[in-house]
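In what follows, chain A forms one complex with chain B and a second complex with chain C.
This part shows the complex of A and B:
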């Protein structure tokens, strides 16, 4: 298997190099055949990498410990399911995964790229395959996943205990795919600029691939948060850890881009700016790769292989230079079609949105870099962690939420102050009323109240829009449901966006609830003892344990009472892995619903709060130390996921109504396929 | 009319759902913490739960401190996130010191003396470290000024109208005025076609209202 894998990597290197060089040569020489052969060669490179991945997975599943990477990241004791995904548990294998998934996504992007991008496609292929060549070279020289083991004792080391969680099947693949996928919209725009297609030919390709990558990345981040919530044992889900930061930065810039690209699509403005954003997010993704693979930071996510860090740093600097040169070269051709008509317009709103997102990005970047800066300039090691980020980024995030309530009510081009007032009066009124109500009810956490008020503003603005839209449909004779559906279909990017905003509201509720209203206690309990937190009485009944080859697992059996009623029986566990000298916990989470709805599964029932219990320590004297916390509104964090996916799908769905709008443009180039359609989401 | 009623009902329910949540969440200060099952000198760090109101206040302060101190041996985890022995010990020490009447700054100083400044989760706002705190607001302020200039420049018409429509396929924006004219000429009705134009379908409000405004 090792030989097959290495051969595939060599083959992929040759094919990708040929695809990159051949396509540019073909374009320069005007040889369509050469370009076509290069294009097909890129498909074959994707196939070769897929076989390489298959070889590594096969080696894991069959416990081929003669391969050092397999020996170091699996053993016979772990459950069989995890051997299928253990290939991305470490540095070398995850690099192979990144390479393969990136190439696969590139192949799909090349395959479905619209005909109108024909002149720039060779350069798009060259950029994408150039990245593949870089990755494969690193794999073959510095991080060979197929390197033989120095000895084979027939048993592996096993995989890091923190990775033995269902999240392992989804979070790493999505997260890594999203981060490397950012190169695809960047390749589309750079290729188009190099080929001289400097107008909006690249716009749909960049927008659709950007949104797909954004959705993958968002899902990866959210599932990562859920993973952290259930396994790290402190009831949190985001800690502004350096690796989380480098993953969120490209996401923030991408979020700015998918907003401002609409201005270019609708108004022919912000062209230059959008190109700059795409370059920025690409470089930030490379920065993330560098920090993750041996960068000088401490993190729960680090791979800790520092030799290849400098290679990624070099690649990042090269990316930066490349993006700059392309941008400066085509800069004069990227001017807007028309001036900004008014500060009171959606264009201006999007500009402010971009400014705020880049503000959060900058703050996060600064927070990641300051410890290095301090060590260098002041010779003092400092930590920049959650309290700092919350204080600095919190207000900017709040401003983004408020803008999210106001922006959608601003029309394109221009409007008058009185019209804005008329549109905003209801949402602002509702928001103020809600804040007053919350305050009166006894919640005096000022920032939380303002936060809830801002979320209400967003919700009210969306509902106001929809209400009026549906009223208009009803006048045309449609009922409420079909009227809403027709309205959404009439402009899917817009209303899909609103649904994503609703997902952000749910996320916001969860963030505010857990950050401001969490209660917790760390208590040692002997069997039979109980502890009361808020209205829950937690009784520790006893412990079960199980000894396995690789670990000792202990369950704390717990009964939870509210009043005299027993509402739950929970069994959180803690496992100790001697090989790693490391413990892993799994929290027991009991979701207490807002209202009891019979027959409705708990995960569908709007949650009020989570009772969250982790055994942090089993003491010699038979007692167990429990971390008990009440996490209000945590359910809302996870429900935002499905809402957000529905919204993204609607925004991306190839919409007949939307296509009709571009009829004249399509008539000019009769065979132009709509990239949204062919991408198939 | 009944649909409007249903719609309003749903809207209001959704709003209440969104807005009413905090009503059900009791703030920490009001919490009933503990029923007395505590041995203050056990081997593990203890939540201070016995005693009158001021002890609950003390526990709240202790938990606040836990989020501001980093476990010295774990990668970037604050004390409240970490359960290794050293952080369990630190949790107990900071509670003892709070009970002795020391304030947050004194306790932080104590840990800084022991483990160095990196034990603080956020750099202190003094000396060189002030830079951490000053740079982001300064950058945002600078950004606002820059943004204002950019917007003013864009408004003056730093655009390239000649290039519009000649360099390649036209944008929808380019077509909007033309499409609106076509629609008027053909006097087409119905949603989807009538909303071709930028200024109607994609803006708040329905067509009649908007055109009246313009």
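This part shows the complex of A and C:
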């Protein structure tokens, strides 16, 4: 299998190089056949890489420990299901995965790219395949997943214990795919600019591919948060760790782009700004790869210092120079069709939204780099931790949420202050009323109350917008349900976006609940003892343990009572892996429902709070140290994921049927066509 | 076996990338014409989509009247031009259940009326005439 894998990597290198060079040469020489051949070569590069991935997976499944990567990341004891996880658990395998998934996404993007991008497609292919060539070259020279093992002891080391979690089947693949996929919208715009398509020809391709990548990255981040919540054992889900930061920075810029591209689509403005945003997010994605692959910042997620760090740094600097040169070259042609007419307009709202997103990005970027500067300048190691980020980014994120409530109600171009007052009066009124109610009910955490009020403003704004849209449909004779559906169908990008805003509301509820109202205790308990936190009594019944080839596992059996009623039986566990000299825990999480809906599984009931228990340590005298937390509204964090997906799918769904239907030509196309004339539009 | 599989992938790749050079020129020409029709029908669908969204915005009162009229005219001119190009390629079919307002005849009638109105306004205010938009 090692031979097949290496062969396929070499083949992929040759095919990707031919695709890149051939497509540009074909475009320059006016040879359509060469361009077509090069495009097909990119498809075959994707196939070759898929076979290489298949070869590595096969080697894992058959325990082929003659391959060093397989020996170092699997053993005979591990479940076959984790073969897939093991495939990308280390530096070499994850790089192969990144290369394969990036090329596969590129192939799909090239294949479905709109016909109006025909002149720029060769350059798009060249950029995408250039990146593939870089990755495959690194694989063949510095991080070969098929390198032979120096010895074969027939056992293997096994996969990292922290990766033995269901979330690992989805989180790393999505996160890595999202990060490398950012190159696709960048390639669309850069290819178009190189080909001289400097107006809006690239807009839809960049927007759609940007939203797809954004959704993939969002899902990856959210599932990563869930993984951290259940396995890292500190009861949180986001720690502003450097690797989390380098993943969220491109996401923030991409989110800004998804908003500002609407202004370009509707008003022909922000063209230059959007090109700059795409360049910025591409460079930030390369920065993430650099930090993750042997960069100088230490993280629980990174692959540690390695020689390829400097190679990725070089590629990042090259990406920066490339994006900058293309931007400067076409700068004069990128000017907006019209100026910003008023600050009381939707486009101005989008601009402020963009500045805020970039503000969070800059703060986060500074937080990642500051320890390096500090060490370089003062020879002093400084750690920038979560409270610093929360203190600075928190208010900016709050401002973004408030703007989410105001922006959608502003009309395009300009409006008057009286119109703004009229449109905003109901959402602001509802928001203030909710804040007052929360305060009166005894919650006096000022920032939390403002946060809940802001989320209410967003919800009220979406509902008001929908109400006005449905009223317009009612005037056309539709009832509320069909009117709502027709309204959503008529402008899916906008209304899909509003559903994503609702997902943000759910996420916001979870973030506020867990950050401001969490209760926590670390208590040692002997069998039969119990501890009461708030209204829950946690009784430690005893311990079960199990010895396996690769680990020793211990379960803490726990009964949970509220009043006299036992509401749950939980069994959080802790396992020690001697080969890795590492312990891994798995929290037990009980969702206490806000409303108990009969016939619905417990985890689907809208959650009031999570009772979260982790066994930090099993003591020799039979006691266990439990970390017990009450995490209010944590359920809402995870429910935001499906809402995100629904909203994104609606935003991306193709236009209504009558416009997309393929209609057979009344006449056959003649063999000698008349001149088609200029496109004109 | 693995070497054979690798060789097979290489052989298939070679054949696939060589095909464009081996195709008859007539087939390539027909493929390019079909591609042009697909491009234009996709563009027409895109413009219809934009018109629909603009009308929704107008109905919901989230766009200024002047902006609405100008953008609608641009989109309709684009749609008419696309339809004209499809005609030249011998492709006359309308989408089967397109609204009456988006058929070729109604588009062209409405564009002509909008242009006449625009010319009158333009000559009155000293702005460019409708012919600039062609």
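Observations
To be clear about the criterion, the second predicted complex is superposed on the first by the 655 of 681 C-alpha atoms of A that agree within 3 Å, B and C clash if a C-alpha of one lies under 4 Å from a C-alpha of the other, contacts with A are read in each partner's own complex, and residues count from 1 in each chain.
Heads up, the rule we're going with is that contacts are C-beta pairs under 8 Å (C-beta built on N, C-alpha and C of every residue); 3 or more make two chains touch, one makes a residue touch a chain.
Fair warning: this is a prediction, and the values are worked out from it, not measured in the lab.
After superposition on the shared chain, chain A has more residues touched by B, the comparison being chain B against chain C. After overlaying the two complexes on the shared chain, residue contacts for A:490 are found with chain B and with chain C alike.
By the document's definition of touching, neither partner reaches A:566: not chain B, not chain C. Applying the stated contact rule after C-alpha superposition, one finds that A:48 touches chain C and leaves chain B untouched. With both structures placed on the common chain, the touch criterion links A:116 to chain B and to chain C. Shared-chain residue A:411: touches chain B and chain C both.
Look at A:11: by the touch rule set out above, it reaches chain C but stays clear of chain B. Legend: residue contacts after superposition of the two complexes on their common chain; A:425 is shown touching neither chain B nor chain C. Applying the stated contact rule after C-alpha superposition, one finds that A:62 touches neither chain B nor chain C. Of the two partner chains, both chain B and chain C are touched by A:472.
Residues 116, 266, 411-413, 465, 468-469, 472-473, 476, 487, 490-491, 494, 656-657, 660-662, 664-665, 668-669 of chain A contact both chain B in one complex and chain C in the other.
Here chain A touches chain C in the complex through residues 1, 3-4, 7-8, 11, 15, 18, 32-34, 36-38, 40-41, 43-44, 47-48, 51, 55, 114-116, 118, 204, 266, 346, 411-414, 465, 468-469, 472-473, 475-476, 487, 490-491, 494, 655-671, 673-677, 679-681, going by the rule given at the top. Against chain A, in their complex, chain B makes its touches with residues 3-4, 6-7, 11, 14-15, 17-19, 21-28, 30-35, 37-39, 42-47, 49, 59, 63, 67-68, 70, 75-78, 80-83, 88, 91, 116-123, 128-129, 131-133, 135-137, 139-140, 143-144, 147, 150-151, 154-161, 163-165, 167-176, 178-179, 190-193, 195-196, 198-199, 201-207, 210, 213. Interface residues of chain C, counted against chain A in their complex, comprise 2-3, 5-7, 9-10, 12-13, 16-21, 23, 26, 28-30, 32-39, 41-43, 45-49, 52-53, 55-57, 59-64, 67, 71, 77-78, 81-82, 84-85, 88-99.
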